[in-house]
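Two complexes are shown next, each including chain A; its partner changes from chain B in the first to chain C in the second.
Then we have the complex of A and B:
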């Protein structure tokens, strides 16, 4: 198979991974005030963990050697304890009037969101440049 | 008029993959006119005895495969299947660039042929 846009698989995998990260951040922001989860407690912040996959291990090699793609290894919960707030009127308040809010800091999530967005942008720039390089190479034959 | 009817009967199966290349709607209409000349050298000269023709045919079928993958991905995306958007765009870009490579090869071949035909004898 002719390798038209080399290294594009690596970038595509990174784009997918960053997309998943964005989804998880959206989930965290959306549930920042959720006091009731499926297990009864407040929503727990979730974090994505990326891992490298060697294409070589999958039996696919590229001319430049083994290219490492990235994928989401797992999505795990943040172990930090929930935030206790005194709200006696809340339906989920305990006997002392304390409500357990999720361990989410929206500012932290926004910073993560910006990081994910920038990483996505960087990978898009790679795609754009790979395409531009391929087209410029094709233009060698033109007069 | 008569030679037109027997051709589809004998060659329909072999012609299908080449003709389907015109299908993907996401690409410019250059596909239709340029697709046939690329495949033409392999057709009339019997491909089994012609290694260069075979090579060309293989290349054209690879380009065709790229186009089909792009069309399928875009179709899946439009049907609401969980296909990442960037994957569809990358597939389309790959199809587009490989098609342009094919057009460049075809241009070079044609140029060489015309150069030969211009030879003074």
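Then we have the complex of A and C:
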């Protein structure tokens, strides 16, 4: 099938991937104080890893990997150890009064959030341009 | 006989350039999509296409222009801007994107102008 908006597949994949990233960042910020994660211990920070997917569909294999889409390869946990804070009154404190909090730096997450939303915007700009170009192409021969 | 109207080098070159612009847009879309993919190499139009196009125009050979196919290739001049080996620069790509859109507008207007002049020549009245 002919793509009227060139590169739309690629951009769509990027928007999906960036949204997943935004979801994961939201999850990290929401769980910044969670001491009871799914595995019983403190919540572990999650990071998305992107990977390129080459589109060999359409029978059009352009050299150099044209229309390379992107996808989330995996969501992995940050290996950094949990933060130990002295809070003897906390129900999850150990015998020494230390509580293991998730090692999440909210500032780091905010910076990531901004980077992700900027990347999202950049991809939206591509769609806008593709649309303008498609309209111009459709207007060929008209004054 | 009517073929001759559409076989002039200028017109064919404009058509080829339009193909190239559309392909270049795909390359930029791919680059921006992979803005944060570790190890991604930015792609762009193969430099050989521009050279071939110039040679074909200089030779004034419609057949050669018709055969010309734009292709994409990884850009060897782009340098990685971080430790993850990704060679895409956001500002650069957005500039290229806008420049590409302008080139596209120029090419479509060129082709439109040509078609309208042809129409004028045939009908004898401006459309």
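Heads up, the rule we're going with is that the second predicted complex is superposed on the first by the 133 of 143 C-alpha atoms of A that agree within 3 Å, B and C clash if a C-alpha of one lies under 4 Å from a C-alpha of the other, contacts with A are read in each partner's own complex, and residues count from 1 in each chain.
Simple rule for what comes next: contacts are C-beta pairs under 8 Å (C-beta built on N, C-alpha and C of every residue); 3 or more make two chains touch, one makes a residue touch a chain.
Computed from a predicted structure; not experimentally measured.
Engineer: Using the superposition on chain A described above, determine whether A:91 touches chain B (first), chain C (second), both, or neither.
Structural biologist: A:91 sits against neither chain B nor chain C.
Engineer: Give one of first, second, both or neither to describe whether A:4 is in contact with chain B, with chain C, with both, or with none.
Structural biologist: First partner only.
Engineer: After superposition on the shared chain, which partner residues are touched by A:19: those of chain B (first), chain C (second), both, or neither?
Structural biologist: Only chain B is touched by A:19; chain C is not.
Engineer: Identify which of chain B and chain C touches the larger number of residues of chain A.
Structural biologist: Between chain B and chain C, the winner on chain A residue contacts is C.
Engineer: Taking the superposition on A as described, I'd like to know which of chain B and chain C A:131 touches: first, second, both or neither.
Structural biologist: first
Engineer: Where does A:141 make contact in the superposed view: on chain B (first), on chain C (second), on both, or on neither?
Structural biologist: In the superposition, A:141 contacts both chain B and chain C.
Engineer: Under the stated touch criterion, which partner chain does A:70 make contact with: chain B (first), chain C (second), both, or neither?
Structural biologist: After superposition on chain A, A:70 lies in contact with chain C alone.
Engineer: On the A-aligned overlay, A:38 touches which partner chain: chain B = first, chain C = second, or both, or neither?
Structural biologist: Neither partner.
Engineer: Enumerate the residues of chain A that count as touching chain B in its complex and touching chain C in the other.
Structural biologist: The answer is residues 8, 141 of chain A.
Engineer: Note which residues of chain A are touching chain C in the complex, please.
Structural biologist: Against chain C, the touching part of chain A is residues 6-8, 10-11, 13-14, 17, 49-52, 62-70, 115, 118-119, 122-123, 125-126, 129-130, 132-133, 136-137, 139-143.
Engineer: Which residues of chain B touch chain A in their complex?
Structural biologist: 59, 62, 66, 84, 86-87, 90, 93-94, 97-98, 100-101, 104, 107-108
Engineer: Flag every residue of chain A that touches chain B in the complex, lowest number first.
Structural biologist: That would be residues 1-2, 4-5, 8, 12, 15-16, 19, 124, 127, 131, 134-135, 138, 141 of chain A.
Engineer: Within their complex, state which residues of chain C touch chain A.
Structural biologist: Answer in residue numbers: 18, 21-23, 25-30, 32-38, 40, 43, 46, 71-74, 90, 93-94, 97-98, 100-101, 104-105, 108, 111-112, 115-116, 127.
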